[in-house]
Amino acid sequence: MTDIVPPSEPPRPPVPRLPEEPLPTLPLPSSEPDFWRADRGLRSWLLTSDHKRIGILFLIGTSLSLVLGGVFALLLRIELLTPERTIVDASTYARFFTHHGIIMVWMFMIPVIPGVFGNFFLPIMIGAKDVAFPRLNLASFYVYVIGAVFTLVALVAGGVDTGWTFYVPYSTTTVSSVGWVVCGVFILGVSSILSGLNFIVTVHTLRIRGLGWMQLPLFVWNIYATAIIQVLATPVLGLSLALVGVDHVWHLGIFEPQYGGDPILFQHLFWFYSHPAVYIMILPAFGVITEVVCSYSHNPPLSYKALVAASLGIAFVGFLTWGHHMFVAGMSTFDSGVFGALSMFVAIFSAIKVFTWTATLRGGSIWFSTPIFYFFGFMFLFVFGGMSGVAVATSSLDVPWHDTYFVVAHFHFIMVGGTLTGFLAALHYWFPKITGRMYSERWGLVSAMAVNLGFFFTFMPQFLLGNAGMPRRYYTYPPQYQWLNVLSTAGASILAIGLVITVSYLAVACWRGPRAGKNPWRSRCFEWRVPSPPPKHNFLETPRWKSGAYDYHAAEE
Amino acid sequence: MAPPLSEHVNEIGGSSGRALAGALLVLVVLTATSWALANVQLGAWNLVVALGIAVVKAGTVAFVFMELSHASTAARVVAGVTLFFILLLCLGIVGDAALR
Amino acid sequence: MNELYRTLLNLPPQASTVARHIDYLHYVVITTSVLGAVGVAVATGWFLYRYRASRVPEGARSHIEHVPFSLELVVVGGLLGMFLLFWLVGYRQFVHLRTPPQGAMDVYVVAKQWMWAFAYPDGSASNRDLYVPVGRPVRLLMTSRDVIHSFWVPPFRVKQDVVPGRMTFTWFEARTPGTYDIMCAEYCGPHHSRMRGRVIVLAPDDYAAWQEGQWQAAQAEAGGAPANLAQLGERVAAERGCLRCHTVDGTPHLGPSWAGLYHAPIQLADGRTVLVDDAYLTESMMDPLAKVHRGYAPVMPSYLGLLSAAETAAIVEYIHSLAGVVPVRARQSPLAPGQNVNLTLPSVDAPRAPSLTPTPTPTQTPRQEAEPEGKGP
Amino acid sequence: MQPLGAIVHDENPYADQAQREHALRLGMWVFLGSETLLFAGLFGLYAGYRARYPEQFALAGMHNEEWIGSVNTFVLIVSSFFAAWAIHLVRGDRPRAAMWSLGAVILLGLTFLGLKSVEYSHHLAEGIAPASYYRYAELPERGARMFFTLYYFMTGLHALHVIAGLTVMVWLITRLRRGKATAEHHVELEMGGLYWHLVDIVWIFLWPLLYLST
């Protein structure tokens, strides 16, 4: 039945095949107000089961988290301007970097792209009215909110000073509000699992008839691969943090050295989640970047199959490499060898993606728009971040680099550089679809430049700091490290300015922007075939797509 | 007539009564065997044998009681992947703890 | 070339024998990374410019250009080969870093919030500053008394986490005399960044002089109470309850007798044979179950963090002094292997106080009371 | 989840009942996969500690009362059979018999918890409690303390799942009583059964690890 040739394989025969006989569907109204206007009142938002509205709720939640985490980042950078105390004392500084990490990882980067854009676009992209379990979807948002509240209560209750990694036995013996924050992260994890479960089942069961796996938009594939990791890795995090929590509160020390416990085993459990978690953050960004590249170059991906295989490959191999966080932790030399070798395979899948994106540009007809500038920034940050990942996965090189600013710079390049630029690209790319309005390209360009350059100047100096040996989480440092720290702080302020500009002009565009049509970018992907903003039930009539998501050589629908 | 779905589903039917009873018998016999073998000195093999029997028992429960044999391919993949990741976690940890 | 690269990458001096080799690999890997990232950025930028819409109208291209599968395979295979080569070279170096040379000088390191303490095999000890001779491999046997720390000396390119409850090790051989910073690289509390020390690398003569000075200082400080380290060790062994399981005249008891034990080859429970030296004795105090003497039940509790470095060295020295004692009876095991053990042991928790305390009673102390001291800033 | 019935609700994303049931079944399997990984962390810790203290773990395992663990294994296996049998009965359009079958599951589940609490109280009376509360001096201190800490965590997490499963069983009986499950549509019953079987499978592995020791 599904004999559709994957979009990358030319020359394609004429495009018959999507549904022939009409589905026995529900009668849909021929015209419907868009989802913003369909229902009114606060209640209709807070109790909505519409995946698009839930996406908007997630956008609000994650954006607030980004602001909060960003404020902590700026405070950290200000403190590090001088080698001794600048604005706060040592234990406050420890609370700042811990909450910066916790908020950015679990409240921003992990939920942001799946929660916002996955929720909003995945059902549309597969021709479904909604996700498979709409109420569970709403529940996952509220669980997210509860988790966030717990995490913030920890902040108010005195804060946590363990670092986001919660290494035992420090985390079980410190006198800070570990209990609250561990509960918070556990609950955030539940939200993540529920989202992932929903996406997996949705993709499996709700694809419109005739839409085969190999015709799915690549964003869907990436969200799907992400969901697998969310569902399978997050419980292990939940368990290990629960053990830390009960140890901290009731002294049930399963890792306590005094009772024969082994703190390294906690690190195994923690990284079994937290390494794949990196791919929870970056895979959705890969999906966004793929859509952006194809839409603005008006070109199908060089190889659809390669991108799919690479996404699934990353999701799988990402589980096999957690030990490279523990080369100097006291892990066996044998495990160091095995995990070191396996880590190299993840790099290969990422390289396949990078080559495919670059080659997709070739022969295209490229529109310059804000997302393309973010794409350019992403490519540099991701490739250098990724290569520095290969470097730190090389066991002997990791010995000097481990727990220094080199690692900090590496994971900010790859995770934040990847996820933040991916998020901003997605925000601009889909802004017309979500709001029905256009933003100012000029301001978009200015802020993209500020974000990319600010990012570069924040973290490039940190690579050199790491080379010089400055350990991470240092409150004071020898004076020879100062000039690089000042440079980094300067970069961070440019980055912050860029983000403030972004928020401002996008807010203006929401109310004043010119109306966007159905398809301002002339993309072929499925979500651009519904009105902007989409109606409440996504489609005015049962969709009948005659061409694929990347058929840039077929007639436009 | 059910309208066609996007995914081929063959979740029709389930384990027959006979299969259920047979599975129960197998499980009881294996449990008894495992218990009996626990009191035989086999050295390090005791644990291996006991876990081997446990795997067979879990497989019986999964395929007959949980009707994995009638479940969709996706469900089977989920079960397989889960099993793989448990083994992975345990092996990774043992590779460290036993060889330090 | 080395100096140029080193300066460019802001690397510290190469003060250990392994530093230069690690740096060479570093140069290769980082150069590849920069070339790769810049290459991709340039290619992307060029394509963005070359295929801009104002130059190439949409639909101008009639067919999709295809990359032959063989080319993809070559590129992917080549990259993977390169990465695996990095791994191979890196892992060989890593194994070298994990393999202390024979005859290395052992120094025991105890980390705690927020200081480093060092104890040398001759019984001397130092806080904060680690004194080592130049040109001689030094093995550090490290443990922590509270949380995880990490021993990090940038010019040596050596880093190893220091974990409570077990022994970790690292080694280095300093190439040039000088003073190098030790930093704690694993977050260990608010004063993590102040947990610094120094490695003071001395020329052999200076090192000997330092040792002599240490010895005299220790004598003066001890005020003549224990005349030598072995006597101190005897006292410590009695106070810490060692002698309740170990005899010093060869009488069989729960643990191996110390008479004539030093430098004797013994068989382990797993069949291996080891020579009882300072390292083995220290390891057996810190991680008793790692290498259990054949014929003895694995019941000894760990004294990790309970004995100070100096006390450890004193006990080793005491056992050393018993090397010449002829056992009263041929040593034999009081327990058949695998036999169930029914005995009362000195608890791990009980002797937590850092100073020399009376023999601990075998009661279990709840953890709240047993909280290691020095937790607060 | 509210039953949606044959009529498509406004919020219902499904085309028909079969699609909905397929989604629910698959969702349950994914959920079970996730649940299993929760236990995987503890199994991983067990593996790590056992590799570190092999003899002590064997000794400590012998101290557990083998008959309680073994009887409990039989209890859970039989209860699992009754859970599967209930679905078989519902398919044969015998909802009343199915209710009795689920009742047997609940009874056996309670038996399991009863035996478990007997065992817990024996242990606690001897001073065998997790980690810092451990007071039992008859076994080698280091490994045994860790064994029993793990024992409490593993069986405790499992017991929580048993309790959750029993709650589900009660809910399923009320559904049957109200005639909400038919021979054709009983997906909730299947989902509840799947959950109960998972509880059984986890115990099948806990038993040899914690009780069978020579």
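Each chain carries a letter (A, B, C and D) given by its place in the written order, and its residues are counted from 1.
As a working rule, a residue touches a chain if its C-beta (ideal position, glycine included) is under 8 Å from a C-beta of that chain, and two chains touch if they have at least 3 such contacts.
Everything numeric in this text was worked out from a predicted model, so none of it was measured.
Ranked by how close its mean Cα position lies to the mean of all protein Cα atoms, the top chain is A. By number of C-beta pairs in contact, A-C leads over the other of A-C and A-D.
Centre-to-centre spacing of subunit A and subunit B amounts to 35 Å, using the average Cα coordinate of each chain. Centres computed as Cα averages put subunit B at a distance of 42 Å from subunit C.
Residue positions of subunit D touching 2 or more other chains: 15-16, 19, 22, 26, 30, 33, 37, 40-41, 44-45, 48-49, 52-53, 131-134, 141-143. Contact with two or more other chains is made by residues 348, 366-368 of subunit C.
In subunit A, 23-24, 204-206, 232, 236, 251, 253, 256, 259-262, 264-265, 268-269, 272, 330, 333 are the positions where the chain touches two or more neighbouring chains simultaneously. In terms of which chains touch, the assembly is arranged in some other way, matching none of the line, ring, star or all-to-all patterns.
Remark: the chains found to touch one another pair up as A-B, A-C, A-D, B-D, C-D.
Of all the residues in subunit A, the ones that touch subunit C in their complex are 8, 10-11, 89-91, 93-94, 161-163, 167, 169-170, 173-174, 251, 253, 256-264, 297-300, 302-303, 306, 327-330, 333, 336-337, 340-341, 343-345, 347-348, 351-352, 354-355, 357-359, 361-368, 372, 376, 379-380, 383-384, 387-388, 390-391, 393-400, 402-404, 464-465, 467-469, 471-478, 484, 522, 552-553. Chain contact summary for the complex, subunit C toward subunit A: residues 9-12, 22, 25-26, 29-30, 32-34, 36-37, 40-41, 43-45, 47-48, 51-53, 56-67, 72, 75-76, 79-80, 83-84, 86-87, 89-98, 146-148, 150, 152, 154, 157-161, 163-166, 168, 181, 183-194, 304-305, 348-349, 366-368, 370-371, 375, 377. If you check the complex, the residues on subunit B that touch subunit A are 3-7, 74, 81-82, 85, 88-89, 92-93, 95-100. By the touch criterion given at the top, residues 2-3, 5, 7, 9, 11, 14-17, 20, 23-24, 27-28, 31, 34-35, 38-42, 46-47, 50-51, 53-54, 57-58, 61-62, 64-67, 71-72, 74-75, 78-79, 81-82, 85-86, 89-90, 92-94, 96-98 of subunit B touch subunit D in their complex.
On the side of subunit D, the complex with subunit B involves touching residues 15-19, 21-22, 25-26, 29-30, 32-33, 36-37, 39-41, 43-45, 47-49, 51-52, 66, 70, 73-74, 77-78, 80-81, 83-85, 87-88, 91, 190, 193-194, 197, 200-201, 204-205, 207-209, 211-214.
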